[in-house]
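Here come two complexes built around chain A, the first alongside chain B, the second alongside chain C.
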Partner chain A sequence: MSALLKRFGGAVVVLIIVLVLNFFLFRIMPGDPLTGIVDPRFSPEAKQELAAQWGLDRPVAEQFVVYIREMLSFRFGLSMMTGTPVWDELRNRVPNTVALLLPALLLSAALGIALGVKAALRRGSKVERLVLWSGAVSFSFPSFFVQLLLLMCFAWLWPIFPLSGSTSIPPLAGLAGVADYLRHLALPLLSLVILSFGGWALYVRNMMVKALGEDYVLMAVARGLPRRRVVWNHAFRSILPPVLTILLLSLPGVVSGAVITETVFSLNGAGRFLLEATNSHDYPSAGAAFFLLALLTVGCNLLADLLYVLVDPRVRRGGVE
Partner chain B sequence: MTGDKTTLWLSRLSVTYRPRTAGQGEVRAVRDCSLRFSRGEIAGLVGESGSGKSSVLMAIPRLLPAGTLISGEIRFHEKGAATDLVKLDEGAINAWRWRRIALVPQGAMNSFTPHLTIERHITEVLEHHLRMTRRESRGHAAELLRTVGLEPSFLKRYPHELSGGQKQRAALAAALSCDPDFLLADEPTTALDVITQKEVLDVIVQLVRARGMGLLLVTHDLPLAAGVCDSLFVMKDGLVDDGGPVREVIESSPKPYTRSLIRAIREMESVNTLGVNTLGAGTLSVGTPGEAYACDASISGREEA
Partner chain C sequence: MVFDMRRDLCSFSFVCFVLLAAAALAGPGVLGLRDGPQAPPYSKPDWLDSSIAPTMVFHVTGSETLIESSGGQAPPETPLRDSQGPMAIGSSGGQGSLGRVRSLAGPPETPLRDSQGPTALERGLGQSPNASIALDWKYAPPLRVSLTGRLDGAQVRWTMPEGEFTLAAGRGDIDLDARDIPFKKALGIEPFVNMAAVLFPARGAYRLSLDGSGDVVMRVEGGRWGLLGTDQRGRDVATLFVRGVRISLIVGIAATLIATFFGLAFGLLSGYAGGATDTLIMRAVDVLLSIPTLPILMIFAGMWGRSLWNLVLILSIFSWMGTARMVRSMTLSLRDAPWVEGLRALGARRNYILFRHLVPEAMPLLLANIALGVPGAILAEAGLAFLGLSDPRLPSWGRMLHEAHVFGAFTSGAWWMILPPGLGISLICLIFMDIGRRLEERADPRLKGGSAR
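Entry: the complex of A and B
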């Protein structure tokens, strides 16, 4: 329990550091919102007025206090790019990102686990070599390359999928709209699964090879249990703690990866929002986006620790008393 | 001697390990091994490390690594009919495993799955082999623990919460769960301290006798085997070099290897009685089995060092 409290304290410290760094990093970056967002032909007076409106004419210390207050209260303020509340932008874009990343994560983990287990069970077979080979390829390709290749093949040479965007313009209504949305999601989703199942397959295969060699798996076989039971309830269940940990710890990385994916496919998601906000020095938007990403990272870390305790009795209930 | 008793009959059994990677040599661990033992009988299979005794034991329920070659026959005789376990496919052998032939693992093995309670290990096989409901199997599991001298409260424990001796008792309870005809025990008491070794072995022998099961006890420890077995087989370099009723083997074997083993042990026993060994031989050596345990302690103690 005290260990968990310690973790929690650590998480709070990390968040504070991220908050402080976010404030200063965006302001150290070359350029400022007035050059990044505002039309260069604006008169100096108009620029002054905007700076006052955005609070940029205030002392840095005062800006910092306002920033911290906005972040901790989750109000986030108005976007400099659009003049609308940052929350409206997020509400608009986060669902698109979740719709892409959650299925991508689950599908690639499921596919990777299935292939990894299969490879571990058939050591020395063609199946294993195929899994290892495809896993290594999947693991080592840069994401934009695979994505551009997919776009070239399936949206341009053989145009069965749209080239860009989250929906057709103008958006379709009703069921046709849903189908249209899914059609736009297909290639990005496919690309993410192709890119990330390999890591899972290699990782799960290695852990399963080790688990299948354990004494207790041999004993489960000796008990005459069906093969499925031995493989899943005894061997795979014993590697579940690290698998869950990796699943949770990979989540923030996957979200960061969305920046590239959403940019390549021109999806209207949170990843591209983060990129646009940073490029245009939209302090409130970028601050909010990075703060939420940090929250997600720290939250996943905590959850991973908590889950580990729940699924591993050796951690949950110490050693021999 | 067999009559219509249920008997395991190994006939010209050979085991050849084949390495996964080509190019490395095959290892023929067991060569033309023949032995048999019946329900109600305790057979000892002794030999040095690497003599092939564990390979024989693991070959019976077909637990050798995939790709290992087994030739010869492992016949399960009952009521005038015989089944050759070597010829069964993977699905068919599963019905024999545990239900008819159960295993008491080595004391040093991680024989329990770390994330499952002791209870789940037992209820799982009861539900699978005997088609018990969860509730029935739980009651049965508690009963089994009591027979091996463990409180039912151990059911809710995880493997890491048991000591070595408790773990072996629980492993025995699990092995008895489907009331098999034969128990195969591979060094069931190594890695335990001397007193716990004796306790665990006593429980095994007592329960095997009470239930009229057959036990194949594989051990490197001749005195220990001599103390509890009805018949004894001595293995050397993959061959069964000697075998017969335990008294004949110990007292009048013509085989040089068996005789040299016995001579070595006699010398150690005399060392024990001189009080050089400090492991408490004096207090334990009441009868022959007692001396056997004391002797065993010095041997296993040396192996661990």
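Entry: the complex of A and C
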């Protein structure tokens, strides 16, 4: 239990650092934070009024307190572009990001593990070659390039998927709407799976090859256990903790990938919101989107930690870190 | 060992690296590629579809005045070389360019120069210009035709298989475009008729001739250009591609070097000092590793400015963690090794042990680490550029893909704007990974034939 508490404490520390960083990132920026919305022709009074509206005329300490309150209450202050609360904008977007990332992560992990184990069992087969190649692709091909190619092939040359957007315009209602949403999600999801399963498969294969050479696997074979059980219950079970570690380490990258994927496919998610906010110098919105993405990462990290405890008996007993 | 070295130096990836580095150092000028708009937007690569008209430039210089003047008479913007895609110059005399231009007739005093190379051509341009160019047109009508130059009491005639136009006559500067309505009216063509199609009605033999003295350039812009076509602004994609190599290499290598420096410093400090310093640095590493970096990079790049060196600095700030971890674990294991203990017993100071013994010990792995870190930096830079957060004046590969995406290259079917930069990034990453793997094997021979294969 203490191990869990420690992890939880770690996550809280990361979040606090993100919050503080987020606050100061925008305060140490060169120039006036209002540059994005203030026209040089504005009168000084108008400028002052605008500064007052975003609380920029108060002392930094007070600004910080207000900022923390806004962040923790999930209101995130007012957007500089629209003047409405940022959360109202983001609320509709976060589910889209989650709906993209979670299935992508699960699918690519599942596919990667299955292929990796298979490749480890059949060294020198076509499956192994596929794994090695897809691994190289996932480490060296830029995601947006592959996605642009997919978009070109399956949305333009052979238009079976829509070219952009999260839904059709105007949005359809009811069941047709759900189907439409899924149709728009399919290609981004597919592209993410294609891009990331290779890395998984490569890792799993390398670890499985090692695990299959261990004495306890030989022992299990010698005991006459079914092959299935040897592979999954003995060999794979022993590499489960490192697989979870990789899951943990890959999360920030997956969230980063969301920004690019949403941009390529014009999905209405938190990542593209961040890009738009950055481009229009909308500090509160950019800060909020960044905080939410970090929260998503940290939350998933914590979840992976929980699984870790379930999976690794050594951690459960608090013996090893 | 020597044999081994030769194997590495002859490897595909190393050769590619040398070629790319040479391209980056030389720049596109050496290859005869030029910046700026060259041909109509979204021109296809030259080799793709030979029924489309290429973009060509014909230069006719007329008669007496020029022969007497010096070689500097050719206007500076006039293309002189024959090596730049489908472009032909009046006096080039059948240099085998795509335009298939032949000099048929010159003024009586001008000898035909059919068999001379480009150098002779450059020399010959000022001395003995042709007043007439014949071409064998085998394509669909071009997109655009324009005529610029100066006339000193002359007329420009355009002879078609059937019929003839006098395009311009008189004295003074001319700047005509086939889309100008007054120009069309002057030739007796209806204002809404596509004049390019009127000037090039069919396949066959055409001739542009200048009667009198003057200096005229005719641009015939078709839908084909160069090795890799053009982008949405008509810039040569091959030029941009070669320019992009430089950006990718600079950013990748510089950012990784700086990051490695940070990583080395923090790793040594953390591993050798231990205690609270160690805990602090390692916690910082943990935190940085669990924050999604691209959003942070976006915020930095978007709000701090997008210059190249800003980008390099930002990238290196967020990529030293892996190196720090590696150096730390290495330092930890070496700190208590018997020979280091011996050094300490002999009275060696800390800095001496660190910089004369531990750093050289870590060097081979660090080198491998640098090579393996470059792809990450290149991909991060490309990602930021793709999101539009790079210097718009620097044509990097990420920026090319950004423009391809923003301007909808794939809905124009312009795959030549997507494939070259994308494959370029991938290739350069693969190259560095292979070099890194080889260096790693060198540093730690146990890896050879180990789990990787």
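Rule of thumb we're sticking to: the second predicted complex is superposed on the first by the 243 of 321 C-alpha atoms of A that agree within 3 Å, B and C clash if a C-alpha of one lies under 4 Å from a C-alpha of the other, contacts with A are read in each partner's own complex, and residues count from 1 in each chain.
Note that a residue touches a chain if its C-beta (ideal position, glycine included) is under 8 Å from a C-beta of that chain, and two chains touch if they have at least 3 such contacts.
Note that the structure is predicted; figures quoted are calculated from it, not measured.
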{"item": "First (chain B), second (chain C), both or neither touched by A:Val311", "value": "first"}
{"item": "Which superposed partner A:Arg228 touches (first chain B, second chain C, both, neither)", "value": "neither"}
{"item": "Partner chain(s) touched by A:Ala289 [first = chain B, second = chain C, both, neither]", "value": "second"}
{"item": "Which of chain B and chain C A:Pro252 touches, first, second, both or neither", "value": "second"}
{"item": "Which of chain B and chain C A:Arg237 touches, first, second, both or neither", "value": "first"}
{"item": "Which partner reaches more residues of chain A (counting touched residues only), chain B or chain C", "value": "C"}
{"item": "Which superposed partner A:Lys126 touches (first chain B, second chain C, both, neither)", "value": "neither"}
{"item": "Touched partner set for A:Arg41, first chain B, second chain C, both or neither", "value": "neither"}
{"item": "Chain B partner contacts - residues on chain A that touch it in the complex", "value": "123-124, 214-227, 229, 233-234, 237-238, 240, 311-314, 317, 319-321"}
{"item": "Touch list for chain B against partner chain A, complex", "value": "20, 61, 63, 90, 94-99, 102-103, 105, 109-116, 124-125, 128-129, 158, 160-163, 174"}
{"item": "Of chain C, residues touching chain A in the complex", "value": "283, 286-287, 289-296, 298-300, 302-305, 375, 379, 382-383, 386-389, 398, 401, 404-405, 410-411, 413, 415, 418-419, 421-423, 425-426, 429-430, 433, 451-452"}
{"item": "Contact footprint of chain C on chain A as seen in their complex", "value": "10, 13-14, 17-18, 25-26, 29-30, 136-137, 139-146, 148-149, 151-152, 155-156, 163, 206, 209-210, 249, 251-253, 255-257, 259-260, 263-264, 271, 274-275, 278-279, 281, 283, 286, 289-290, 293-294, 297-298, 301"}
